[in-house]
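Alright, structures below, take your time with them.
The same chain A turns up in both complexes below, where it pairs with chain B and then with chain C.
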Partner chain A sequence: MRSSINRPPTPDANEEPEKEPTLQEIINIKLIESGEKEKLMELLRERLIECGWRDEMKAICRAYARKKGRNNVTVDDLIHVVTPKGRASVPDSVKAELLQRIRSFLTSAAI
Partner chain B sequence: MAASNDGNSSPRSQLASRCFEDLLDSIIVDVASECHRIARLGLDRNLEEEEEELRLSVQARVADPSSSSEANGKNIVDIFGQTHPAIADEIFECMNCGRPIVAGRFAPHLEKCMGKGRKARKVTRSSTIARTRHSRGSPVSVYAPYSNATNTNRAPNGTTGGAGEEYADYTYGEP
Partner chain C sequence: MSSSSAARAIRLPPPCPHLAAYRSGGGGTPFRSLHRCLRPRPPSRAEVRRDPGEVPFCASCPPAAAHRGLRLYACLSCAAVSCHAHVSDHAALRPGHEIALDVDRAELFCAACRDQVYDPDFDAAVVIALTSLSCSRIPPPPPPPEKCAKRRRVEYRPWVPDPKGRAVIGRRSSPLLVQEGNASSASSTTTTANSTTTTTSSPSSSASSPSSLPRGLRGINNLGNTCFMNSVLQALLHTPLLRNYFLSDRHNRYVCQQKSKKKGGIKEKSNVVERKNPARESHVCLACDLDTMYAAVFSEDRKPFSPANFLYSWWQHASNLASYEQQDAHEFFISMLDGIHEKEQDQCKHQSHVGNGDCCIAHKVFSGILRSDVTCTICGFTSTTYDPCVDISLDLDSSRDAVQIATSKLQTCESDTESMLTSQAYGISTLMGCLEHFTRPEKLGADQKFFCENCRARQESLKQMSIRKIPLVTCFHIKRFEHSLIRNMSRKVDRHLHFPFSLDMGPYLSSSILRARYGNRIFAFDGDDSDASTDLASEFELFAVLTHSGKLEGGHYITYLRLNNQWYKCDDAWVSHVSESIVRASQAYMLFYVQKILYYRASQHVFAS
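Then we have the complex of A and B:
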């Protein structure tokens, strides 16, 4: 049979052999499957709204949009504008609370 | 990063931090997306104009430190962006005498209509008795001769008797 002798090998979608799912990915999957990720998102959202973080970020976006021209802004622009300031201005208490919950989830998921 | 099982190990903290940042990034994307929408739809213009209006109206009322949503003076914008005239101008019927009354003048009207004013006290005896029974219960004698006198004065004028009709008296008393 010479059917496939000369045929070049079918190119793989990923050149390398597929990696093991990283620990991060495993955790992510577990978070989502258990529904905990949704709860954590809701909690974080609520806390950030309460402490005014969201309003601050919206004001930053508004100022940026005004400066750059309303129709010239893209979502990417805004993300790049907000991310550094946003990450830096999360209140410590909020961050601690979330980290605490994540850690206890990790413990309960035996990771 | 070893998936170690010891308690408070830093790999676990690092994992937790990574998770937290993940969540935070999602929320940032949410906020950015919403602000993008507001910017492109021009909704922030409306917000900005309202804010400016508020600021201007506060400045215009120079000596007024209170916030612009209170009912002080004219041209106030409340939290819904509506303005209200200083004197409420809706017209409705008084439930006591049935006349059309401007809402902003209702309180003074009620005072006259229901008996605080001097002239409105000239009501008929029966209604006075009924009223004083409710409120104070004694000075019927004070009112009775007074109202009798006025009734006899008024009867020849053609008003239909006094029995329970304070309205007739009232029309004379009304300025």
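Then we have the complex of A and C:
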């Protein structure tokens, strides 16, 4: 089969010993396993749409695409342009709410 | 590219050379194996995971790197996962491995071009997987009858008369409106016998002098709080299709009377006792009275018309509303269409499809189909229902939504980010905003849990409306009343609604809404035809505006009519020419839009206004 020929070598061939997963990774895995990450993502999406953040970002992207010319823009370009502005303009209330949710999850998951 | 063009005409962006090479190199089957790995994230997203609990990470990033878990791409050829920084390295090392898949969004990415690429087969595979995954246990609902029937619409081609037709036109026609300064119409009127030429008056007065007012403009007398009826009648008298139907004698009141006499005769034979005086005409038909009215209104007579017979007929039909009290214009409109439908329905026995509109002229003109999707937020299962409608009732959306709509609607005007932010200060309600509000996904409250067939339980759900079939003439009814639970009373909302003279209904059609829901995939949704006739079919022109002034209990209705691109105010028996700005500033209650291809904007260039 074509796919099996092209597969990268299996990890066993790799001599390097596997490092301990970092705390960040552990938390991430716990969040995903319990399904909490999905809920948090949905909540975040909802809040950002409600406060108009998504429409703002859309407008910024549109303006950028119009300026550069429709065919000269790539996804990477847009991400580089939009990410700093986006991160800076998330309302504090949204940040606070999500942090609160994550904190309560951590205390309940008892890591 | 603007969202409306991408939504309606499925224009394929040309594939990048790497994608083209991948597809031609036997790329058909890889998409199918995606089905096993696509995990739907209701309501509409999908992600790609080999196992349900898999946490993908970049193979080339060191363990503590920031990018390790962000924006990952899985190579389509060998399933190696890389982050966006390393995905190009993977492609450079192995030729033929350029095409990758965004694992969180199920979208194609070309690592060599470093840009998103699009493939219709891929999108089709994703959408099919999504829609079949979400209703796996239940067989798909049967397609609405529209799909089974042949395509009703023929391709629109403008009509050009043959020489014989041209001769007939020259001999027997008289134009409906003669415009000063319009050379072509001046020459065509000379051949007619009863022409209404006004070659002497100046342009500014020719629109208002009685002899040059367009045909069909006639005041209607108020018979006692009947302004609700008069305003709706004025709008209907100038509804292009309805007007053409009645003026071309498609419903002849004499023929209709004869038919009902015959029926009445048969009734007597079977010994049904007629309570009314048999000598008196007991034939009550709203369509016949409309026929009389059309004949009267489109005649040369300019004196105000009294629709007494029509009022009597309508009282017979809607006896609960038969009084001299003030009534609601929208209620009257619905009741009237119902009355026409009742009578016409006897003429054709079979009613093939609901919402098809073949039963009577009222439905042929006004009926459309609304689609309602209720999606379970847990499993993504969607239940769809189709409802016929004769009008669309819109909530006046609150100013807060209007602000967000105003910012997103800036695609239509040339502006940059700064002016977008300043417009956030304005809270204007617009018709498009109301339509957006109408078609938005609405989260049904926790107390309105919907029973999901897939989960076999009551779950929280999302409801979204869209327009499956737009009627030829769309009537928008703006719900200008709000009920306050605290005081337990309703009051009228006087907020001004901004409405356009030309409206594009494309973004509110089911095909556009579905496409947007599934991530703007290149896929033929809901049986939409992406040819030119569909583009034309969703453009509408405004021809009548019904306004209400006053309170909920008492007020006055006025209709503004647009004839030959001029606006006329119809206030019961008083008809006058008004400027566009007055119409724009009026408080719209009902708006009538007709499909652009059926609307004749004659001599619009004559008056620069």
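To be clear about the criterion, the second predicted complex is superposed on the first by the 95 of 111 C-alpha atoms of A that agree within 3 Å, B and C clash if a C-alpha of one lies under 4 Å from a C-alpha of the other, contacts with A are read in each partner's own complex, and residues count from 1 in each chain.
Heads up, the rule we're going with is that a residue touches a chain if its C-beta (ideal position, glycine included) is under 8 Å from a C-beta of that chain, and two chains touch if they have at least 3 such contacts.
Keep in mind that this is a model prediction, so the values were computed, not measured.
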item	value
Touched partner set for A:Leu98, first chain B, second chain C, both or neither	first
Chain B versus chain C, judged by how many residues of chain A each one touches	B
Which superposed partner A:Gly52 touches (first chain B, second chain C, both, neither)	second
Which of chain B and chain C A:Glu33 touches, first, second, both or neither	second
First, second, both or neither for A:Arg87, with chain B first and chain C second	first
Which superposed partner A:Val75 touches (first chain B, second chain C, both, neither)	both
Chain B versus chain C as contact partner of A:Ser108, first or second or both or neither	neither
First, second, both or neither for A:Cys61, with chain B first and chain C second	first
Doubly contacted chain A residues - partners chain C and chain B	28, 58, 62, 70, 74-75, 79
Touching residues (chain side chain B, partner chain A) in the complex	1, 3, 5, 12-13, 15-36, 38-40, 42, 44-45, 47-48
Chain C contact footprint on chain A (complex, rising order)	2-3, 6-8, 19, 21-22, 25, 28-29, 32-33, 38, 52, 55-56, 58-60, 62-63, 70, 74-76, 79
Residue ranges of chain A in contact with chain B within the complex	23-24, 27-28, 31, 37, 40-41, 44-45, 48, 54, 57-58, 61-62, 65-66, 70-71, 73-75, 78-79, 81-83, 86-87, 90, 95, 98-99, 102-103, 106, 110-111
Of all residues in chain C, those that touch chain A in their complex	1, 26, 30, 41, 53, 55, 59, 63-64, 69, 71, 77-80, 84, 94, 97, 109, 113-116, 403-404, 407-408, 410-411, 416-417, 420, 424
